[in-house]
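The next part holds the structures, each set out as C-alpha cells.
Same chain, two partners: chain A is paired with chain B first, then with chain C.
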Partner chain A sequence: MMRIQDPRITLISLLAVTVTAFIISSPVQLHLLTGLCVLYLISLSKFKSALRSAVIYVCLWLLVSILPTSVGSVTVLLFMYIRILPMLAISAALISTPPSLLMWTGARMHLSQRALLAMGVLLRFFTVIKLEMQAIFQGIRARGMFPHWYSVILHPAQSYECLVLPLILRGLKLSSDLTCAAEFRGVESRAMRTCIYPTVCSLKSILGTICFIGGCIMIYYGGYFHG
Partner chain B sequence: MQEKNNKWTLKNVVTLSVFTVIIYILLMIGMIATNILLTPVGAYFASPGISALFAGPFFIVMVNKIEKRGVTFLLSLISGLLFLFMGQLYTFLVYVMFGILTELCYLGKNSYHKLVNNFSAFFLYMLALSAGGFIPMILIREQYVEWYKTVGNAESVSAMINVYGTLHGVLITIGITLVGCVAGCLIGFSILSRHVKKARI
Partner chain C sequence: MVKLEHLSFHYEDEENICGIHDVSFHLPKGSCTVLCGTSGCGKTTLLRLISGLIPTFFAGEIKGKIEVNGKNPLEMSSDERALTYGMVFQDPRSQFFMPRVLNEIAFSGENLGIERMQLLHKIEVITRQLGLSDLMDRDLSRLSSGQKQKVAIAAACLLNPPLLILDEPTANLDYESTRSLIEILTEIKKNGTTILISEHRLHCLLPITDRYIYLKQGSLAKCWSKSDFEKMTLEETEKYGLRHPDSGKNLFIPSCRDKGDLLVGKAVGFHYAHQCLVLNKLDFSLGKGSVVAVVGKNGKGKTTFGKILCGLLKQKSGKILYRDKPISAAKRCRNSYFVMQDADYQLYAESVGNELVLGKKVTEAIKEKAYAAMALFDLTNLKDRHPASLSGGEKQRVTLAAAYCSDAEIIVMDEPTSGLDAINAKRVAKFIQLLSNANKTVVVITHDELLLRAVSDSIILINENRLLEG
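Coming up: the complex of A and B.
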C-alpha cells in the first residue's frame, strides 16, 4: 500500500497559511502566498490540486479586474473567494486524507474523540450535502411539482416546504445512520486506536514545510518593509 | 439522573455536526443570494433576516432533538470558526460571545421545547452575523475600517460603512433579523409538530 504523508505536516502548513492570510494586506502578498501554496502542493505531488488552484486564482483575478464597478456585488463575492483560496488549496490536501487516518492522528495528538468525530462529520458532510440536494431536486422533478423554472417563483410557500422539509428529514436520518455506522466500527472503544494506512514523515516533507513557513514569514515581512 | 441526561451522546455530536453544516451553508447561500439580488448594501441589511427564514426550522429541530447544555454555544463556536477560516476574525469573536448568551436563554426547566427560549437563542445566533460588523464599528471604528480594507474590496467597505456606521442602518438590520427569526421559528415549530414528531426519526 502506498504510504500517505502524516496529516500533522499538512495541518502545520494550513495553520501557517491561515495566519499569514489574516495578517497580509496587499494584493502582491496575496499573489505570492497563492504561488507559495501552489509550489507546496507540487512538492506534495498533488499536481491536479496545484494546477486547479492556480487556474482558478488567475481566472478570478482577471474577472475582478475586467468586470465593471457597476457589478459590485459580484466582485465582492469574488474578492472574498480569492482571499480564502490559499487556505482552500492547502485544505484540499487535508480533506483528501482518509477520515480514519485523520482520527488516528488526532488520537495521537490526545484530542477529544467526540471533537474528532464532529470534525470528521463536518469535513465529510460539506461534500455530501450537494448529493443530498441533488436527490431532493430529482424527487421534486420526478413528481412533476415544478414543471417550469418560474413555477418556484409562482408558488414560493410550496417550494420552501419542498426544499426545507426533505432536507430536515434527510439530515435526521443521516445523523442516525452515521451514528450507527460509527458505533458499529467501534468509535467509542477506549482501546488505543490503530490505522490501516501506513504514514510517512519524510525528510523531504519536513524540509518542504519548513521552507513553506519561512516563505510565509518572508511574504509578511516583505510587505511590511515595502509598506 | 439530571447529570446523566445532560451527558452528550455520540448521536448528539453527529446531529450537531450535520445540522451545523446545513445551517452554515444556508447562511452562505443567503449571503451570496442577497449580495447578487439586493447589492452589497441590501445584503448587509437583509442577509441575516432572509437566512433566518430558511435556517430557523433546522435550528429548532436540532435543538429539540439534542436538548443538551452547550448545543447553541457549540453551534455558535463552530460557525464562528468557519467564519474565522474565511478571515472574519471579529465575526468569530462576536459568535463566541453571543454563543454564551444563547446558552443563557435555555435556563430553566424544559426550555429546549419552549418557543420563547428557542426564539431568543435563535435571534441572538442570527444577530451575531451582523453584530460581527456593527459591534466593532461601535467599539473600535477606525481600527475595524482599516482592517476591513485589507479583507474586502472598495465596494464592500463603503457598503459596510453606509449600513453599520449609522444608527438607523443598525436598527433596520436588527428589525429585519427579528422578523426573519420570528417567521423561521414559527415555521420550525410547525414542521416539528406536524412532520418530525410524526415521522419518529
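Coming up: the complex of A and C.
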C-alpha cells in the first residue's frame, strides 16, 4: 500500500497559518500570506487547489474594491472570508487525506475518544452534505416549487425554509443512525487506534514546513517593521 | 447464542411505539431466524433490545432476561460489543463512517487496534468472500444499493462476530441482488455465525432460514419451522398480514387509460459526467391515466429515468414528445411530480394541511381539493400535525396527497413500498389507483412484485431498455 504523508506535518502548517492570519493587520501581509499558501500547495503538487485558492482570492479582492459603500455588511462578510481563505487553502491539502488516517493522527496527538468520534462524524458530514443538498433541491423542484432558476431569489424566505428544514431533519437522522452504528464498530474502544495506511515523514516535507513557518514569521515581522 | 426469558419493555416517552410483552425464545448457535410481523409490531424494538441499543439510546423499562453469547448486552464493553455483534441497518448509507469502501471495511479493526498487516489480511479474506475486491477504491456514494449492502455486511463481518443482525436487508434490493445476498449469508452461516433478520419479504429467505418468529403487538404470537412456513397458502399468510409470493394478484384493476399517448420517448439516452452510459436508446410511451412500472437491476438507471421523465434531468440524446410535440425538461418539470423514496426531502410546511397547498395561491377550489385529498389518503385526523412528527408511512401519504392536489399530469414514485408489510403495500397500491382514477399518469419505480401485480398496466424494463405491455 502506498505511503501517505503524515498529516501532522500539514496540521503544523495549518496552525502556523491560522495564528498568522489572525495577528497580521495590513492587506499586503494578507496578500503575501495567501501567496505563501499557494506556493505551499504547489510544493505538495496540489495544483488545482493552488489555482482555485489564488483565483478566489483575487476575485474577492476585486469584488470588495468595486462594491459600493452602501452594502457595508456584505463587504464585512467578504473581508471575513478573505481573512480565513489562507486557512481554507491549507485545509484543502488535508481533504485528500483518508479520514481514518486523520483519526489515527488525532489519537497519536492524545485527543479524547469523544473528540475523535466527533471528528469522524464531522468528516462523514462533509462528504454527504453536498449530496444531501442536491437531493433536497431536487425534492423541491420535484414538487413543482421554484420552477425557474430565479424563483429562489423571488421567494428567499420560503426557499430558506424549504432548504433548512429537510437539511436539519436529515442531519438529525444521520447523526442518530451513526451514533447507533458506532456502538457496534468499537469507536469507544480503549485500544490504541491503528491505521491501514503506512505514513511517511520525508525530509522534503519537513523542510517545506520549516520554510513555511519561517515565511509566516517573516510576513508578521515584515509588517511590524513596515508599520 | 441468544436467550430471551420473559422479556418485556415499554418506551419511556413514546406511547405510540409498540413495546415488547413477555417474549421468550432462544437462538441456537449457527442458526438463522427471521422476525416477521406487520409494521409497528415490535420487530425493531426487539432487535434494539438484543443489540443493547435499548436502554443506551432508547429509554424505557426492561423486565425479564436477555443473554447474548452468555452475557447481558448492557454489561458488555465497547470492544466486546464490536466483537460480538455484526449489525446491518435497513439503510446502509446511514451507517457508513468513511467515504471509501476500503476505509469503511477497515474501520472496526482500526478502532480495536488490530495490527496493520493482520487487519489487511482480514480485509482481503472478507472482500474475496463477498466479491468486493474490485470495489475497494470506489467511493461509497457511487455504489448501487446491492453493492452498498455488501459493503455493510463486509464491514459488520470483518471481525467474525458470532451474531449477525440484519434489519430489512432486502428492502431496496432487486431479485438478483437478493439472491446474491442469500448466497453470502449462506456462506456466513456455514462459518457458524448466528443470523437474526427482521424482514417483510419472507419467502426469498427460505434457503437460509431455520425458523420464522411472528410478532403481534409486541408479543410472540407464532413460530414456524422452515417447512411449515413454506407450506402456508396465500390466504394463511394474508391472515397474519404477511407477504406471500402471490400477494397482489387479486388486487389488479386495469386503469381507466384513455386513448392516445401522453408522453412518448424515442431513443432516449443519458449518462452522468465521467461515468459510463446509464440509459441507451430507450423507447417508451405513457398513456394518460395509466400506471407504468419501471423495473430493472440495482444501479441500472431506474431513478435516473424517473428524473428524466419529470424534467429534473435532461436527456443527453433522443426525443421526448408530449401529445406528439417535443417538450423541454423545464416544461416536463412543471407538468410532473416526483415522489422521492425518502419523504423527509419533500416536506417543508408547518402542518399537513399547509403542506398540501404549499406554493399555491390558496383559493376556495384549492382548499376543497386539499380537504378531498386528506379524506382520500386518510390524513384528515392529522391535518394540524407537523409533517416532521409523522411516521414514515404517514409522511409518504402526505407526499402522495400533495401529488394528488398538484396540477401535475405525470406522477413518478420511487420505491413507494420499500420496507412496507403486505397490508401497507396494498394500501399504497390503492392510493396509486386513486391517482390513476384522477386521470394522472403514474410511473412506479419498484422491485416489489406485489405492487407490480397490483397496479401496473405495463412495465418498462430498464436493463434491456424495452417496454413490456402488461
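Assume the second predicted complex is superposed on the first by the 185 of 227 C-alpha atoms of A that agree within 3 Å, B and C clash if a C-alpha of one lies under 4 Å from a C-alpha of the other, contacts with A are read in each partner's own complex, and residues count from 1 in each chain.
Note that a contact is a pair of C-beta atoms (placed from the backbone, for glycine too) under 8 Å apart; a residue touches a chain by one contact, two chains touch by 3 or more.
Predicted, not measured: the structure shown is a model, and the values here were computed from it.
A.B. asks: Touching A:Thr18, do we find chain B (first), chain C (second), both, or neither?
C.D. replies: first
A.B. asks: Who does A:Pro198 touch here: chain B (first), chain C (second), both, or neither?
C.D. replies: second
A.B. asks: Which partner, once the models are overlaid, touches more of chain A's residues, chain C or chain B?
C.D. replies: For chain A, the partner with the higher number of touched residues is C.
A.B. asks: Thinking of the overlay built on chain A, is A:Gln138 touched by chain B (first), by chain C (second), by both, or by neither?
C.D. replies: second
A.B. asks: Where does A:Cys211 make contact in the superposed view: on chain B (first), on chain C (second), on both, or on neither?
C.D. replies: A:Cys211 contacts neither chain B nor chain C.
A.B. asks: In the superposed arrangement, does A:Ser189 touch chain B (first), chain C (second), both or neither?
C.D. replies: second
A.B. asks: I'd like to know which partner A:Cys162 touches here: chain B for first, chain C for second, both or neither.
C.D. replies: A:Cys162 sits against chain C, while chain B stays out of touch.
A.B. asks: Mind working out whether A:Pro99 is in touch with chain B, chain C, both or neither, as first, second, both or neither?
C.D. replies: A:Pro99: touches chain C, not chain B.
A.B. asks: Considering only the touch criterion stated at the top, classify A:Ile42 as touching first (chain B), second (chain C), both, or neither.
C.D. replies: neither
A.B. asks: So which positions on chain A get touched by both chain B and chain C?
C.D. replies: Correct list for chain A: 121, 165, 169, 173-174, 176, 178-179, 182-183, 187-188.
A.B. asks: Along chain B, where are the residues that touch chain A in the complex?
C.D. replies: 8, 10-11, 13-22, 25, 32, 35-36, 39-40, 43, 54, 57-58, 61, 65, 78, 85-87, 89, 149-153, 155-156, 159, 187, 191, 195-196, 199, 201
A.B. asks: Considering only the defined contacts, which chain C positions touch chain A in the complex?
C.D. replies: Those residues of chain C that touch chain A are 51-53, 56-57, 78-79, 81-83, 85-87, 89, 91, 94-100, 102-103, 106-116, 119-120, 123, 141, 155-156, 307, 310, 312, 330, 333-334, 336-340, 342, 344-348, 358-359, 388, 402, 406-408.
A.B. asks: For chain A, which residues are in contact with chain C within the complex?
C.D. replies: 1, 98-100, 103-104, 120-121, 124, 127-128, 131, 135-136, 138-145, 147-148, 158, 161-162, 165-166, 169-170, 173-174, 176-196, 198
A.B. asks: What residues of chain A sit close enough to touch chain B in their complex?
C.D. replies: Going through chain A, the ones touching chain B are 18, 21-22, 24-25, 64, 69, 72-77, 79-80, 83-84, 87, 114, 117-118, 121-122, 125-126, 129, 160, 164-165, 167-169, 171-176, 178-179, 182-183, 187-188.
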